[in-house]
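Below you'll find a set of structures to go through.
Next, two complexes with chain A in common: one pairs it with chain B, the other with chain C.
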Partner chain A sequence: MEAVKNAFDFGDMPRSELGLAAAALAFLLWFPAMPHSSFGMATMIQFLMFSLYGMGWNLIGGYGGQVDLGKAQYVGIGAYTTAVMMIRWDVPFWFSMPVGMALAVGYSFIIGYPLFRLKGHYFAIATIATSLVLKDLFEVWDFVGGARGLELPLKGDFPNWLYLQFREDYYYYYILLGMLLVGLIYMNGFRHSRLGYQLRAIKDNEHVARSLGIDVHWSKIKAYAMATAYVAMVGSFHACYNFNIEPEDTMSLDLSVLIAMMAMLGGAGSMWGPIIGAAILVPMKNYLGSWLGGQAGFAGMDLAMYGLIIMIIAAAQPRGVYGIVEAMRARRR
Partner chain B sequence: MALLQVDKVTKRFGGLVANHEVSFQVGQNEVVGLIGPNGAGKTTLFNCIAGFHQVTSGSVVFDEQDITALSDFQVARLGLARTFQIFQASGDLKVVENVMVGSFMRTSSRGAARRAALEAMDFLGIADTAGEMMTELPVAAQKRVALATALAGDPKLLLLDEVGAGLNPSEIDGLIELLQRIHGERGVALLLTEHVLEMVMKLSHRVIVLESGRKIAEGEPAQVVKDPEVVRAYLGDHYVKRQKENGDA
Partner chain C sequence: MEELGIQILKSAVSGLIMGLVFALVALGLTVIFGVMDIVNFAHGEFLMVGMYTSLLTSPLLGVDPVLTLPLAGLVGAVLGVLCYFGLIRFLLRGPMIAQLFGTFGLMIFLRNLALLFMGSEPRIVHEGWLVGKSILVGPGVVLESTKLAAAVLSLFSFAVVWWFINRTKVGKAITATSLDAEGARYMGISTEYMNALAWAVGGASVGVAGGLLVNFWPVEPGVGLLFTMIAFATVALGGFGSVRGALVAGIIIGFIVNLPPVWDAILRSIDAAGLRGLEIHSFKYTMVYAVYFLIMVLRPQGLFGWKQ
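Take a look at the complex of A and B:
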């Protein structure tokens, strides 16, 4: 019961922050009713997806301080579970999504156990390695379509809520928005849980954490598993939304890095950080990236720009955009 | 039965013997000081007791349980708390949340953890800093927060490693009074290492002296400082020889 109360307890957040969050939510709820292009809608859907990916990353990377560059492997597990179950056994999304989450969490326990024997840069490199190995495996595994990937069958009967197939994008949009709200409330509960506090103590100093009776290794594995659940959930959604998945777009290093980058840009270790990061980087990627690549003839220039932004943030304010906001608030006091 | 029994503990790092067959006890509700010159192996001994290092040989028994092979976090859960020489300030957590991490060792409820944390902070006179960030506090207050965090886990024995380091004389007086209250009112046994000898002398019922990893003396504070072995360890052979010559003359 206390866990539920903790999840809905926003009392430790400044009023101004909650006001802004409410305004943002109102905007997100209204957005489909406003005039927008289909590209704009696709961008918003990507923004919501990356917000959730980033929140998952933030759980272990931000609160726990364990820089994880292999989140894409869990996108892949979620996406492939949903796709395979729908193609082979006709299983609806709402059943395959929890299965995908469970598989991803189970897998995360198996690789988390050895991964968290490593620290710092070694941990980050190892997460990249596990993710790439899984991707390579999927590329040669015929059962899941190999490198060509899988195409989801059209079920017809639109709007099809069971299999998450819609003609209009706003259905997908609202489902994702619902997931984001559930994810936020769960994250708020996590912040206030024993593990949430212990994880932040681990990030500060592992020796001190251990002296306070915290099983550091096990705590990291648990948090990693929770982070995994977020990512796999959206991975399942991704399969239905895209109708077509392949190892390259669900498990690539690019995706892992983008997830980590958004959370870090917005503010690692803060509740709103990943959302802020996604709100900045996803539109930039879509609009600036396509303009630079298409009209201006500077393909790949957008990647250089992210690099620059990340360097500036890392040098000026390691806690990201949210850190800048916090610093300004502290100065005003 | 003593609360803590250290029996012939030896700790080697490769060829270096940091502790050699050190044995001593800490009784229920006793205050024991552990002194010795730099490099005598005090911190290593602490780390062996707290489970941070595994001993090379010997045994450690705490509260009638053999803890020699346990990990540091398991030892902590049995009620053996410790403070560190350097206390890491948190960028993410408020002071009270830091202390709550200590109380979460005994409860999983946020409300109960918060109450225990505030109670410990109130006991140490830092309840007014609850809402601040650790980085905003002066060193003396940070040390109190570290003590409150350890106390919030309701320990039976507290290992204090150089808790007076970096404090000025008046702050040290405050700390001595605080430790006396932790011991007197909460019944927590203390084992402390300290460079500030005055503090050890005032607080300890018994003092153990280490030199080069070996125990060279044990006894009441006033007697131990007169022990020629101890004087030699602290001030060197040369000093003892000159003292003798002066005495003879």
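Take a look at the complex of A and C:
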């Protein structure tokens, strides 16, 4: 009961933040009713997806301080579970999504156990290695379509709530928005939970955390598994939304990095950070990409600028946009 | 059975040669890591810059690609120093996560800059003294002279770097900085200068590696990632910061990469129909990632490392 109360307790947040969050939520709810292009809608859906990915990353990378650059492998597990179950056994999305989450979490326990013997750089590179191994395996595994990937069958009967197939994008949008709200409330509960405090203690100083009787290794594994659940959930959704998945777009290193980057840009270790990061980077990436990439001879310009921005942020304000806000707030006081 | 023998010989030769090249790629990474505990994710992109330098300057200057190696090394060194003063110096003040992302941003930046200026099609050196010549080592085992030259020059580069680090005064100052930066400062060593020098040495060695590699490995903007991962695996196996370790580990990684063809040849020589599915030739580089993971978990300090 305590946990549920904690999840809905936003009392420790500044009023201004809650007001802004409410305004943002009102905007998000209202958005499909406003005039928008289909590109704008796709961007918004991507924004919501990356917010959730980033929140998952933030659980272990932000609160726990363990830089994970292999989140895409869980996107892949979620997406492939849903796709394979739908193609082979006609299983609806709402059943295959929890299965995908369970598989991803199980897998995360298996590799998390050895992974968390490592720290810092070594951990980060090892997560890249595991995710690239998994991607290479999927690229040759015939059961999941190899490098060409899988195509989801059209079930017809639109709007098909069971298999998550719709003609209009706003159905997907509202489902994702629902997921985001659930994710946020869960995250709020996590912040106040025992594990949440333990994890922040570990981030600040592992030795002190251990001396306080915290099982550091096990706490990290648990948080990693929770982070995985977020990512795998959105991965399942990704399969239904895209109708077509392949190892390159669900499990690539670029995706892992993008996830981590957005959370860090917004502010790792804060509740709103990943959402702020996604709100800045996703539209920038899409619009800059289509604007510059559309003109001949400018391919790569958008991502080069993107890399430049990342470098500047890492060098100037490693705590991200939220860090800037917090610094300003501290100065005013 | 004969096929198996040839394959083993082929893999052994190829493993040794490629291993030496991998070792040279990893050398720069281990020097930089040893001195300042920073992992450069853009290492493979430095290699790509070296490859493009050699590829582009050789027709421009009208000399053979092999003669552009010093230039590739120079460009690598300048790039290393620029990165140190422009980016790394600021990253060192921040937390570890900032260092990771800073060099990651550098990687994305360099890769896409290459895409912008060079386009995405793979390119390779088509003519030169070495290209197209080969030596027959044994029955069915052909050694391309480009690869042989790369291996020999890799050994030479190792000798130079080893001499520089262990036998010169400046090299000893670098070692002192890597062992204890604060202590080195008390002794009057400018650690700032030493850090920059480490980046110069690291950049130069990887630039030369790129210049050698482009003779037999096509260059495209995305070529870096594979080599970054190979270099990480090599450095992890050899021990972070160990020059000798990088050489030994590079050769071991070279052999590991060439194991899958041997395994497939064994399967073929047994010739059981049910075993066809067990062929692993497409997992050549997956092995590298798996090996990295295993080394880090089982022996985090590597074979010759003193840092953990």
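The rule we apply is simple: the second predicted complex is superposed on the first by the 331 of 333 C-alpha atoms of A that agree within 3 Å, B and C clash if a C-alpha of one lies under 4 Å from a C-alpha of the other, contacts with A are read in each partner's own complex, and residues count from 1 in each chain.
Basically, contacts are C-beta pairs under 8 Å (C-beta built on N, C-alpha and C of every residue); 3 or more make two chains touch, one makes a residue touch a chain.
Predicted, not measured: the structure shown is a model, and the values here were computed from it.
When both complexes are superposed on chain A, chain B and chain C fit side by side without a clash.
In the superposition on chain A, contact of A:Ala315 is made with chain C only, not with chain B.
More residues of chain A are touched by C (comparison of chain B with chain C).
Of the two partner chains placed around the shared chain by superposition, chain C is the only one that A:Val67 touches, whereas chain B remains out of contact.
Of the two partner chains placed by the overlay, only chain C lies in contact with A:Leu253; chain B stays clear of it. By the document's definition of touching, of the two partners only chain C reaches A:Leu137; chain B does not. On the chain A superposition, the C-alpha centres give an angle at chain A of 80° between chain B and chain C, rounded to a multiple of 10.
Applying the stated contact rule after C-alpha superposition, one finds that A:Tyr306 touches chain C and leaves chain B untouched. When the two structures are aligned on the shared chain, A:Leu20 is found in touch with neither chain B nor chain C.
Superposition on chain A places chain B within reach of chain C only down to 12 Å, the least C-alpha distance between them.
Comparing the two interfaces of chain A, the one with chain B and the one with chain C have no residue in common.
Chain A makes touch with chain C in their complex at residues 61, 65, 67, 69, 114-115, 117-118, 120-122, 124-126, 128-130, 132-133, 136-137, 139-140, 253, 257, 260-261, 264, 268, 298-304, 306-311, 313-316, 318. Contact residues on chain B toward chain A in their complex (touch as defined above): 50, 52, 71-74, 76-77, 81-82, 84, 87-93, 97-98, 100-102, 104-105, 108-111, 113, 149-150, 153. Looking at the complex, you find that chain C touches chain A at residues 39, 87, 90-91, 94-102, 104-116, 120, 221, 225, 229, 232-233, 236, 282-283, 285-286, 289-290, 292-293, 296-297, 300. The residues of chain A lying in touch with chain B in their complex are 2, 6, 63, 192-194, 197-198, 200-201, 203-205, 207-216, 269, 319.
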